Each structure stands twice: as structure tokens, then as C-alpha cells.
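The structure follows.
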Amino acid sequence: MEFLQAQLPRYLDGAWITIQLTLGGAILAFVLAMLFGIMGTARFWILRAITTVYVEVFRGIAALVVMFWFVFAIPDMSGYELDPMFAAILALGLNVGAYGAEVVRAALNAVPRAQVEATIALNLSWFQRMRLVVLPQAWAQMLPTFGNLIIELMKATAVVYLVGILDLTAVAREVRTGTGETIAAFGIAFVLYYLIAQVLIFGMRLLERRANARLGRTPPSGGGLMNLLRPPSVGTRVGVAK
Amino acid sequence: MSPSDTPENTTAPGGGNSGEAPAEGPLIVFDQVVKRFGDLTVLDHLDFSVAHGERVTLIGPSGSGKTTILRLLMTLEKVTEGHIWIDGEPFSHMPRGNGLVPAGETYLRMKRKRIGMVFQQFNLFPNMSVRKNIMEAPVHVLGVSKDEAAQKAEELLDLVGLGDKIDAHPTQLSGGQQQRVAIARALAMSPEILLLDEVTSALDPELVTGVLDVLREVAENTDITMLCVTHEMGFARDVSHRVLMFDQGRIAEEGHPDQIFGDPRQERTKSFLKSVLENGH
Amino acid sequence: MENGSLPMFWDFEFTFEVMPSLLGGLWVTVQLTLIGYLIALTLGLLIAIVRRVPILGSVVHFVMEFIRTTPLIIQVVFVFFLLPASLAIPLLGDVPITAFTVGVVVLGIHYAAYTAEVYRSGIEGVAKGQWEAARALSLPTSRTWGAIVLPQAIRKVIPALGNYLISMFKDTPLLFAIGVAELLTRAQRIGSESFRMMEAITLVGVLFLLVSIPSAIVIRRLEKRYVAV
């Protein structure tokens, strides 16, 4: 207990860095996923080809390798050093964005052709069709996988301690070195990671429920917020898709 | 009505001298239209025209090309050969230099404003309320103000008898109600041409009448040109000025509904009508 | 193409020089992946079955959820610190615990938490009538599972399981954290010794793509075949 009291502030600092990396990476990943995902449904083959290259390259290489490339190879090549935090968010965002782009592309393609035809009959432009009809409908389908991806992203942030960022894992290692208490030092970090993940899962399920309500689908078990703590029959549940 | 005297240039066939009293020429002209899907020829050098305000019913066995005609007019498909003209102007194609080239998206957006369509499966947008479904296109495409669009949505919903469902969600409505909303949605764009693609085929029998009554009312009180693919022969007889019987991508017989239903001349028409009656459509 | 005056240019000589060592690292990576995958497949199946046992199942479920929601890299580092350098096992004597062993076992356990969910969905997907039919024939539990349920369940989840093979391959660089001599670890060492980090890390990326893209294509083919059946 004393141990916890003495060390907790350091852990919370580390957790805050982990959260910043998660949110920063998630925002970048979301933007990239939308951009490349929409491009992946384009009529012009060159746009689809660009998406394929992006997706295959950044899904094929671990975020850790990309981060090392930014942190070690770029200074080697140009003499210019990237801020490690920036390099980490870039690497994580590029990696998860590649997975996300596939999710967006698949969800957009899953919107029934008849819906698109209805927008043509109403003479909506491509942009209006995307914004008013296709994206809102695809959104509900993207969210469960986005939920899995943000958990994976949060877990992936732990590699940043290797480039000197003081995240939760780095704190756990430092505390262990300082105190020699391996189990306690790591145990606290594990619990904090677990709690961050639970908050993210809860938030994603909230978003999913809202998206489904907009499409006129209500959860069969009714409304209470506590229901979000239980895994839904469909939706964010860690580990089904990766 | 025969558009066989088609000129090969960019002037509409059958329209006479362009620029003069276009209202008297036909509104829609199909000129030697061919539509193929791969090896399958769905429309085979089809010629026909529709006058302003005319209501035409297309009948025939499935696969005879009726729905394809509506889809070509809604630009959901592209013609393989031939041309479609609307009001004397090219529609499936656009003028470029001295000739015609397949119409581009910008040109189509300009031209198809006048056309509305109601689908067999309603195709309401599930991410919007009934009100939004109706308002969305007038606001975003025609640039109508939100207030005006909302007021029109209310009027149209009253017309189709669903004034109380304005804030409902499409999934809360029966098929028949959804289809009436879809009709209101199409009418909100004030189309000159309304395409009705088997609008009652997906409905339970007891819901068909309500939808057809709405369409009868639209037919009586407006001068919208209507092209209707249907198996509801009673409705076709009441509402349409002319019936076209399709078979294998060609017009097998055409005439006044009384003649087609009362005294069909072609063997194919007779057997088709007989099969429809037996199947209880 | 010698090591010319422009240091930022790609050094081909260096590339050829280090390639044998990097390919050796890739071989270690492949070994880690395959052994870890075997652990994940068998352990995951076991967990999926145990999860159906009333109380024990809930405990196992919570542990698996915990493993899935915390980072693999900190799990690896933790276990590496926790275990002694060697373990006295009866009959075998002192068995040294290497970074490779820790890496491959933790990798396997982490992914077992994922494959267990996949197996579970497959088992739940087996029609209720199948269980009832097995009971009607008075089949013993082992036959019900072994001959009726699992063959149907596993067949359905083969594509999903295949994807985890690629995921595991891509996660092996994390074992850099405990110094397993896999591809990234070797490249980092070579790069820092020779001050040619750019070539070293880029080669890691290229080698990863050379393995992961073709295997993704193979898995997609298999997926189509199994979906078609």
C-alpha cells in the first residue's frame, strides 16, 4: 500500500502519456482511414491503387519498425531529428489507419446499391451522397471494428518506451529498477492498462448504440447504461477481429 | 407516334423544328435504343416516345426489358447503342462538337432534375426520419430553404395520408407506408416525369390499395408524365393513356388500355394477360 | 555503387554485406511465429472448451480478457524479469530459460487469448440440433466434442485463425524488448554499429513485406475456398 502511495503519481503521469498517444494516434488513424477508405471505393483505378499500396505497406510492417525508421533512419538520412512523441503518433496512426482504411472501404461497399440508386434518383451529387446517405449508414458498421482497433492501438503504444518516451510501460520498468519489486511494479501498470481499455470499450459501445439508434435499430435488451458493460451480441468485443 | 423518321444528327427525332413550340413535340423519345448486359440483349433497337403529360404503362413478362427502360431514364444504366431524348434535347448523350458523346455526370445532374423515381423496394434512407427523407433532396439539390422544404414535406405527407408519421423512422413503418413516403419523397422534387418501378410488388396484398389510391390521386390532380411498370392491371386500365406490351426487348403491342386489356390482338399479349390473371396479380 | 560521397544514398555494398545476418534474423522470426502459433492454436482450443465449465470458465474468461486488453510487450518484459535464468525441472535438471523461450511462450499465450474467442464463436455456431442428436445417440462427451462439435466448429473458423498467423508474424519485432535475436534486433545492432540505420531498418520493412504480402494473398485464397465449402 505504501508502495502504491509513493509510486502512483509516476504511474498516472505515464498513463497520461499512454492516453495522449492513444488519442493522437486514433485521430490520425481515423483521418487516414476515412481518406484512404473512401479513395478505395473510387471509380478511378489510380486512387484505388494508392489505397492498396498504403494499406498493404503499413499493415505489413509493425508500428514498432515504422517508429524505429522515423526515429533512427530519418536522422541518419537527413540529419534532422523527429520529436519521439511525434514519430510515435505518426507510426501508430499510419499503422492503425491502414487497418481502418480497409474497414471503411468494406463498410462503404456494404451500403446497398439500392440506396445509391435512390440518391441518383434524387439527383444528389457524389459529395452529398457520401455525406448524407452512404457514410451515416456505413458508420454503424465501421464502429465495432473501430472499437477493436482503438484497443489494439492503445496496446501498441507500449512500444514507445523503446525510443525513450516515459509511458506506462517505461514507468513500470523504472520503478522495478528502483525498487526491485517486479510484480508490484508491473502489476500497477497492467491494472491501469486494463482500466484504460475498459473506458475505451465503454465509450465505443456508447457510440455504437447511438449509431444504431439513428438507423432505427434499438438494442433488444433495452436501454440502461449498465447494459453497455456487458458484451453485445454484435459490436465492440475485444479480440474477435484484429 | 412513330419515331421511325429519325435523323442522324443532334436534333431530336419527331420533335420537328427545334426551338418552336417544344411542348407539342414528344417529351421522351427512345431512338433505336439497345441495352445489353454482357451477351444478353435486354432492349433490342427500341423506338418509342411519350408525350407531355401522358401516362404510359409498361407490361410484359419479367426480363422483357420494362424495368430497364425506367432505369435508363433514371440514368441508373447507360444505353449500349442508340439515343434517348427529352424535350428535344439529348439525354443519354450530350452534344460535343458536331456530334454526340455519352453524357457525363455534370450533364446528367442538370438533365435528370426533371425526373423522379419510386422503387420496388422503397429505398428510403434508414439513417433519416421520414421528414428528413423528404426534405433532403429539395434542400441540397434544389436549394430550397429548410422552412419551405419542411412545409412541403408536411403537405405531401398529408397527401399520401401519413401526416402523423412525419417524425417516425422508416423502420417503424409498414411496407405500404414506406412506399407512400417514397412517393412523397419523389414528388417533393416536383418532377415532370415520374417513373414507377413495380411499386406494389414488394407489398403484402392488403397494403397495395393504399399505395395505388395515392398514385391515382397524383394522376388525377397533376399533369406529371408517368411511366409505370406494374402487374396491377386494374390500376393500369384506370390511370394510363396507353399501354405498351413488351416481349424480348421489343414492343409486341401497344394501344389504349381498353383495347389492350379488352381486345388484345397479339398472341403473346393474350397469353401474358392470361398468366397474370391466373397468378392472381 | 560504392559507399560514395553522398552518405544519404543507399549503400548496396552494405546491403549485401548484412543480408546473411538479416536473413538469419528472419529465420528466427519465422521460428518464433510458427512455434508461437502452435501454442496459440492448441492453448486457445483448450481455453475455449474450459470456458464452458461453470465457475472455472468465468475465471478463465476474465484472465483472457485481461491478457487481451494489456500490451503484449509489457507482458513479455514482465515475464522475462519474473523468471529466473534457469529452472530446475525434475528429470531434465536445470533448464536455461532463454529470451527466445520466454518470447515464444508469451507470444503464444497472448494470441491464445484471441484464438480462444475465435474457437468459441465457432463452437457457438454449431447448431443446437447437433448437440441434441449426439445426446440422442448417447455418445460420450469426448465423442460429442471430438467427432461432432469440434470438426464442424474448427472448419468454420480456419480463415479467422489464419489471419492470426500473419498478425503474430508482424508482432515478433516486439521481442526486441527482451533481446531475442530476431530481425529487428539484429538490424538495430548492425545499424548502430555501422551508422547505417537507414539501410538496416528499411531492409527490415522490406523483408517483412516480402513475407507478409504473399502470405496474406495465400490466406485470402484459403479463405475463399473455405467459405465456398
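As written, the chains take the letters A, B and C, and residue 1 is the first residue of each chain.
The criterion applied here is as follows: a residue touches a chain if its C-beta (ideal position, glycine included) is under 8 Å from a C-beta of that chain, and two chains touch if they have at least 3 such contacts.
Only a predicted model underlies this, so the values are computations on that prediction, with no experimental measurement involved.
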**OP:** Starting at chain A, figure out the least number of steps needed to reach chain C through touching chains.
**Re:** 1
Subject >> Chain of greatest Cα-centre distance to chain C >> reply: B
Original post:
Which chains are joined by the largest number of contacting C-beta pairs?
Top reply: A-C
Original post:
If you average the Cα atoms of each chain, whose average lands nearest the overall Cα average?
Top reply: A
**OP:** Take the average of all CA coordinates in chain A, do the same for chain C, and state the distance between these two points in whole angstrom.
**Re:** 21
Original post:
Distance-wise, how many Å sit between the C-alpha centres of chain B and chain C, to the nearest whole number?
Top reply: 58
Original post:
Could you state the distance in Å from the CA-based centre of chain A to that of chain B?
Top reply: 46
**OP:** Using the touch rule from the top, collect the residues of chain A that touch chain B in their complex.
**Re:** 114-115, 117-118, 120-126, 128, 132-133, 136-137, 214-217
Subject >> Residues of chain C defined as touching chain A within the complex >> reply: 8, 64-66, 68-74, 77-78, 81-82, 113-114, 117-118, 121, 163-164, 167, 170-171, 173-174, 176-177, 184, 188, 191-192, 195-198, 200-202, 204-205, 208-209, 212-213, 216
Original post:
Any idea which chain B residues touch chain A in the complex?
Top reply: 74-76, 105, 109, 112-113, 115-117, 119, 121, 123-128, 136-137, 140-141, 169-172, 185-186, 189, 195
Subject >> Interface residues, chain A side, partner chain C - complex >> reply: 56-57, 59-62, 64-66, 68-69, 72-78, 151, 154-159, 162, 168-169, 172-173, 176, 182-183, 186, 189-190, 193-194, 197-198, 201, 237-240, 242
